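You will see chain A twice below: alongside chain B first, and alongside chain C after that.
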Partner chain A sequence: MNSTAPTPGASAAPSATDPVGTAPPPSGAADRFPHGPRSQQWAAWGFLTPVVIYLGAFYAYPLYRNLDLSLRNYTVRSFVQGNAPFTGLENYRKVVDDPTFVPALEHTVLFTGVSLFFQYAIGLALAVFFAQHFRLSATLRALFLVPWLLPLIVSASTWSWMLNSESGIANAALGWLGVGPVNWLTSPSWSLASVIIANIWIGIPFNLVVLHSGLQAIPASLNEAAAIDGANAWQRFWRVTFPLLRPVSAITLLLGLVYTLKVFDIIWIMTRGGPSDSSTTLATWSYRLGFGNLLPEFGPGAAVGNLLVVIALVFGLVYIRAQRQQDNP
Partner chain B sequence: MNTSVRRRFVVASLAAVVVAATATACGSSSSDGSSGSTAAGGTYTVWDPYPQFDGTSDWVKLLGSCGSQAGVKVKRTSFDTTDLTNKTLLAAQQGNSPDVLIVDNPVVSTLADAGVLTTTDDSRIDTSQVEPNLLAAGQSGGKTYGTPIGANTLALYYNKEVLKAAGVDPASVKDWASLNAALAKVKAAGKKGITFSAIGTEEGSFQFLPWFWGSGAQLTDLASDQAVAAVTLWKDWLKEGYAPNSVISNTQTTSWQEFATGQYAFAENGTWQLANAKKAGFGYGTIAIPTSTGGTAPAPTGGEFVTVPVQKDTGRYTASDKIVSCLTDAKNLLATDTTLSYVGPTGQVQNQQAAATPELKVWVQAVQAAKGRTSDDLGTKYPKISEHLWGAVQAALTGSKSPKDALSAAQSSASQ
Partner chain C sequence: MTALGLLFTAMMLFPVYWMVNVSLTRERDMRKTPPDLFPVHATLRGYREVLDQQLPYLGTSLVIGLGTVAVTVLLAAPAGFSLARLRPRGGGLVGFLMLVAQMIPGIIMAMGFYAIYLSLGFLHSVPGLIIADSTLAVPFAVLIFTAFMSGIPAELLQAARVDGAGSVRIFRSIVLPMSRNAIVTVSLFAFLWSWSDFVFASTLDSGGAHQPITLGIYHYIGNNNQEWNAIMATAVVASLPAAVILVLAQRYVAAGVTAGAVKD
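Moving on to the complex of A and B:
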C-alpha cells in the first residue's frame, strides 16, 4: 500500500519533464507507443517460454503425476491400462497404518538430525581450522574434499566392505584394541548407526567448503578488534565469528537437510534398509515399494515420496520465514 | 507494485505449465502411433536382460540370424534385469512393447497379470518339449505365458581341501543332520562352515527356499512347524558359528567372495558361479541341497522366459513366433544355455549337457527337482509372501524375534 502511493507521482514527474529536456525522443516515443508494450510483452513471453516449458515438462508434470499416482489404486494391470480408480487418501492411510511407517519416520528423523549435527559441527571445526592459513593447508583441505568427489556407489560399497562383520577393517581395528567384533551392518541395533557414520563422512566436505567461504567473508578486523578488547579465542569464536556466520549456517543446514532427507543410495547399498527394517528411512521405503519388489506398489510408493517432499517443503518455508524476520526485524 | 508483478508472473507461469503439461501429454501419445507404424516396416524389437553380451557375442549373432530366418530385422536392447520389469510396464503403458521379451521367470506372472503378455495360445509358441516343473513358473490361471530359455538353480559348492582336512566325505551329506555333523567337524578343524545370502531382498528368499521347501513347508503357510524348523536350521548355524554373521547382509555375489577366500567348506550358490569356481584356485565340487530327511530339496528355478508381449497389430505375432521358435529350438538352446551357463529347459538338451560335461549332472538333477517361485498358481501372490518371508528370516537371524514369532507375524501380514 505504502509503496504504491508514491508511484503515480513519480511516474508523472518524468513524463512532464521529459518532453522539455530531450527534444528528439518524443516523436520516436510517440511512434512506438501504440504497439510498444505489446511487442515488448511478446518478447518477454518469448524469453519466458523455454524456461516455462522446461519447468512444466521436468518439474510440474512429474510432480502432478506423482500426486496422481498416490491418489489412485494402481495395480500393475491398471498401471498399464491407465484406468486406476481414484481412491482419495487411501494410499496415505495404508502407508501411515503400515507397521513400517513409524520406524521409518523415526529412522528418517534420527538419520537426518544426527547426520546434520555432526556434519555441521565437524565441518565448522575444520573450516575454522583451515581459516588459519598454514603450510599445506590447501593440500589438506583438498584431501578433505575426496568424499565429495567419489561416486556414492563407490564410497558406500567401500564403507560396507570396511564394516563387514567377518573381514572388515573396522572389526580388525577393534580386535587390536581388544574389543569384540561389532556386527555393524547385520545387527538391528547397529545398522542405523553405521549408515549415519558413513553419511556424516560424506557430508563433511560440503559443510567445510560452504562454511570456509563464509568465514572468509567475515572481516578479520572484527576479530582483531575483539582481541584488542581482551576477548579470548573462545569468546571471539562464540561472540563474533559464530553470530556473523549465522546466515551461511542457516543455508548450509537447510541444504544439508534437504540432501539428507532424501539420502537413499548409501543406505540401500550398505544395508538395503535392513536387517528387518532397522535402517529403513522414508526414502528407502519409497523405493522398495515402487521398485524393490517383484510386484511394484506404485501408489503407496508415490505416497511415501510425497510425504518426503512435504517434509522438505515445511522446513524450506520455516527457513524462508526465518530469513524474512532477519531481513526486517 | 512489486507484489502485483510477482503475482502476475506466478499466474502466467502456472498457465504456461498447464499448457506445457498438456503439450507433453499430447506429444507422448502421438509418438506411440508413429513408432508403431515404423516397427511394422520389418524391424522387430527384442529386449533381454543380458547386458554382458555385446554385438560380437554369440547370443546377439543368434538373435540376428533368427531374425533373418523369420524374414525381419531384429533390433536388440538389453537392460539390467532389475530394470526390465519397470521398463516393460512403462513401455506397455505407452503402447510400445517390444515384440519379443526375455524376462526373469518370477516376473512373468506379474506381467501376465498386467495384461502385457500374450498366452501361448495366441502367440502359438510350442511348449510341448519343456519340462513341466520349469514351465509352471510361467503359468497362471491355466494359461501359459512364454517358454523358458534355460534354467539355473542353487546347489552347495564345497571346497575339497577344507573338507579333506576336516575329515568330511561330501558324499556323506544326505540330510540336515549329516550336514550339521559335517559343519561341526569343519568348525572343529578351525575352518568356517557355510556361507549363503540372507539379505533383505528377493535374493534372500531365493536362497532360503530350498531349505524351506526341503523341510516340507509350503508358501501358503509360512508359520508351519516345518517352516520354523527351516529358519531354526539357519539360525543355529549362526549361533553355533558354522555360518558367519555377514550372511545377513550378503548378496549371492558377496557370499561367493567369502567362499572364494578358501576358508569356507560350503557355499550355497548358483550355476552361474561355475566359471568363477574354476578360477578360485582350489578344488571344488557340488552337491544338491539336501532335504531335512534326505534327498534333493526343491530349489527355486532361476532363469528367463521368452515371451511375446501384446501388440496392437496382431499380425506381428507370426514373425515373433518364428523368432521365438528359432531361439528355443534344440540346437540353439544348447548353444545359448552353454554361453549363459544355464541348464536346458527340455529333457533332450539336459541329457546332451550332462553327456558333454559330467560335472553338470548335479545341476541337471537340481533343476529337475526345482520348483518355480510363482508355481502352484501363486502367481502375483508370491512377491508379497516372499517379502514377508525374507523379513521373518532376517528377524530370526538377527535375534530380534524367535523363528516361531517371526514366521507367525509374517504369515498374518502375508495373508491380509
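Moving on to the complex of A and C:
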C-alpha cells in the first residue's frame, strides 16, 4: 500500500505514502504444504535466490550501515574516509538528552494518533455511505482514490498554498465565515494541526477502500434479520456491522499506524518540522540531522532513525500476528 | 443519495481542483484576497514554464519509473512463483521478511543507502536511484505475485510436468502468461511509487545531473521565487500518471490496495 498501498495513507501515503500503503497478503502459504521433492528444491531456490540476494544487499546492508552510523562518531571527513571511532550508545544518549527529543516523540504520537482516528472514522463513514449502491457510486468511490495516488510532494505543496496565511483559500473561507485568519504554517500552535489535516486527507482513500471491501464481506442477511427484529439503521451499524468489521478494522488501523509513523514528505515539504520544531516528528528530525543542515550529524540522525525502526517493527509484528489470526481462526 | 455522494466527492477533491485553478491563475492575481474561485483570466504561462524548464526532470522520472518496474518484475515474479508453487525450505521465512521489509521507514533506508553510495561513488546516478526506488516495491510485488500464483489451478501445472516440462518452462509458458493481471498491478504500483518518490531523490540525488520531477517541484518551492502558478502547473503535470492510471486501470489499483488487507 505506502503508500502504499501502497504508501499509505502516506499516511501512508502511498506512501509513501505510502501512504501509503498497501497491505501485503499473508505469507506462509508455503508452510501449510509439505515441501516439494529434492529436485524441486533446487529449482525453488533457483527462482528465489535473486530476491534473497537483493534483500541482503539492498535491505539488510543499508540497515546495517545505518546501525553502524549510529554507533560511531562520524564527521564529514570520517564519513568519507570511513575511519570514525566506535562510540557505542553515545549517539543514542545524545539524542535522548536533546531538547528536541521529547517534543519530537510527542508530535509523532499526536500526529499518528489524531491522523489515524480521523482517517478511520471518516473512511468508515464513507465506506458505509458507499455500501448503499446508488447511481454513480462506483465512479465516485474511484475518484476518492485520487488523493492517495498523487505524489506526496504534489499534495503537500497544494496544501501549503491553500493554507498560505495571506493568499490561501483556507483563510479566505474563514474570512467569509467572519473568523479571523490563522497562520496555519507559520504559527507554532497551528503547524502540527495543519500537517495532520493534510495527512488525514491523504489517508482517507486507503481506509475507505479497505473498509469498503470489508463491508462487502459481511452477509447482507445479518443486517436484514436485525431489521426484521426492529433494529433501526443506527442500531444495526453499531450492533451488527461494526462488531463484524472488527478484524478488518484492526488490520486497517495497525497498517495505518505503521505507515503513519514513517510519514516524512508531507511534514518536511509543508513546514520542515517548524516553526521552531513545533511540527517535528522523529522522521523529520532524523532527516534534518542527517541531511537538513550544512553540517550533517549522521550519527545522531541514524540513531533517531533506528529508534523509529524499532517502534515501527513492534507495531508491524503486532499487525502480522493479527493478520495471521484472521487467516487461521 | 447520488447528490450527497457528489457533494462528498467534490469536498474531497477540492484541493485537486484548487491545484488546477491556481495553475491557471495569472501571476498578478495570485496574491488577490479573496482569491478567484474560478480561473476567470486563465493563462497557460505556468504550463509554458513547465515545458521550458521541467521536461528533463519529467524525462528522468519516466526513465527511473520504467527502470524500477523492470527491476521489480524481474526479481519478484520468479520469487513469487517459487514461494507459491515450488515450496522451498525456508520460503516461509522469506515471505515473513518481505512483510517486515515493508515496514522500515524510507528515511532510514535512505540514510543507509547514502552511506553506501557515498563510499561507492554511486550518488547522483539514475541506476542508483532505480535500485533505491525498487526497494519501495519489491516486497509488495513478491507478496502480490505469491498470492496470485497460488490461485493458478494445480492441475494445469501438473499436466505440464507430466508432459515433461521443467520448472523454468512451466514458469515461462504457463505461469507468467496467466499472471498478466498481477504483472499489471505490480507494474502500476512500482511506477507510481518511484515516480512519486521524494525521500530517496532528495537524499541520493539532490544536485545530480539528472533529477526526477519531485525534486523539480521541490527546487521550485525552495527557490523562494514563489511562482505558484508554475509550481502548481508542474504539480498538475506530475499528477498525470496518477490520473491516467485511475482512468485506465482503476480495478488494478483497488486490487492492490486491498490485496491481503482483507480476506475475501
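Rule of thumb we're sticking to: the second predicted complex is superposed on the first by the 269 of 329 C-alpha atoms of A that agree within 3 Å, B and C clash if a C-alpha of one lies under 4 Å from a C-alpha of the other, contacts with A are read in each partner's own complex, and residues count from 1 in each chain.
By definition in this document, contacts are C-beta pairs under 8 Å (C-beta built on N, C-alpha and C of every residue); 3 or more make two chains touch, one makes a residue touch a chain.
Just so it is clear, the structure is predicted and the values come from calculations on it, not from any experiment.
In the superposition on chain A, A:217 makes contact with chain C only, not with chain B. Within the superposed three-chain model, A:235 lies out of touch with both chain B and chain C [touch as defined at top].
In the superposition on chain A, contact of A:326 is made with chain C only, not with chain B. With both structures placed on the common chain, the touch criterion links A:274 to chain B but leaves chain C unconnected. Note on chain A: of its two partners chain C and chain B, the one contacting more of its residues is C. Judged by the touch definition given at the top, the superposed model places A:165 against chain B, while chain C stays out of reach.
Applying the stated touch rule to the two superposed structures, the overlap between the chain B and chain C interfaces on chain A comprises residues 3-4, 7, 48, 52, 55, 61, 64, 79-80, 82, 160, 166-167, 291. Only residues 1-2, 12-13, 16-21, 23-25, 82, 85-86, 89, 92-93, 106-107, 110-111, 113-116, 199-202, 244-249, 258, 261, 380, 382-384, 386-387, 391, 394-395, 397-398, 400, 413 of chain B touch chain A when the two sit together in their complex.
Across the interface of their complex, chain B is touched by residues 3-4, 7, 48-49, 52-53, 55-57, 60-61, 64, 75-77, 79-82, 99, 160, 164-167, 183, 185-188, 270-278, 291-296 of chain A. Considering their complex, residues 1-7, 14-18, 21-31, 33-36, 40-41, 43-48, 50-52, 54-55, 58-59, 61-66, 68-69, 79-80, 82, 126, 129-130, 132, 134-137, 140, 142-155, 157-162, 166-169, 172, 175-176, 201, 204-206, 209-210, 213-214, 217, 248, 251-252, 255, 258, 261-262, 264-265, 269, 283, 286-287, 290-291, 298, 301-302, 305-306, 308-309, 312-313, 316-317, 319-320, 323, 326-327 of chain A touch chain C. Taken in their complex, chain C has these residues touching chain A: 1-2, 4-6, 8-9, 12-13, 15-16, 18-19, 22, 30-35, 74-76, 78-79, 81-84, 86-89, 91-92, 94-116, 118-119, 131-132, 134-136, 138-140, 142-144, 146-147, 150, 166-168, 171, 189, 192-193, 195-199, 202-203, 213-214, 217-218, 221, 228, 231-232, 235, 238-239, 242-243, 245-246, 250, 253-254, 256-264.
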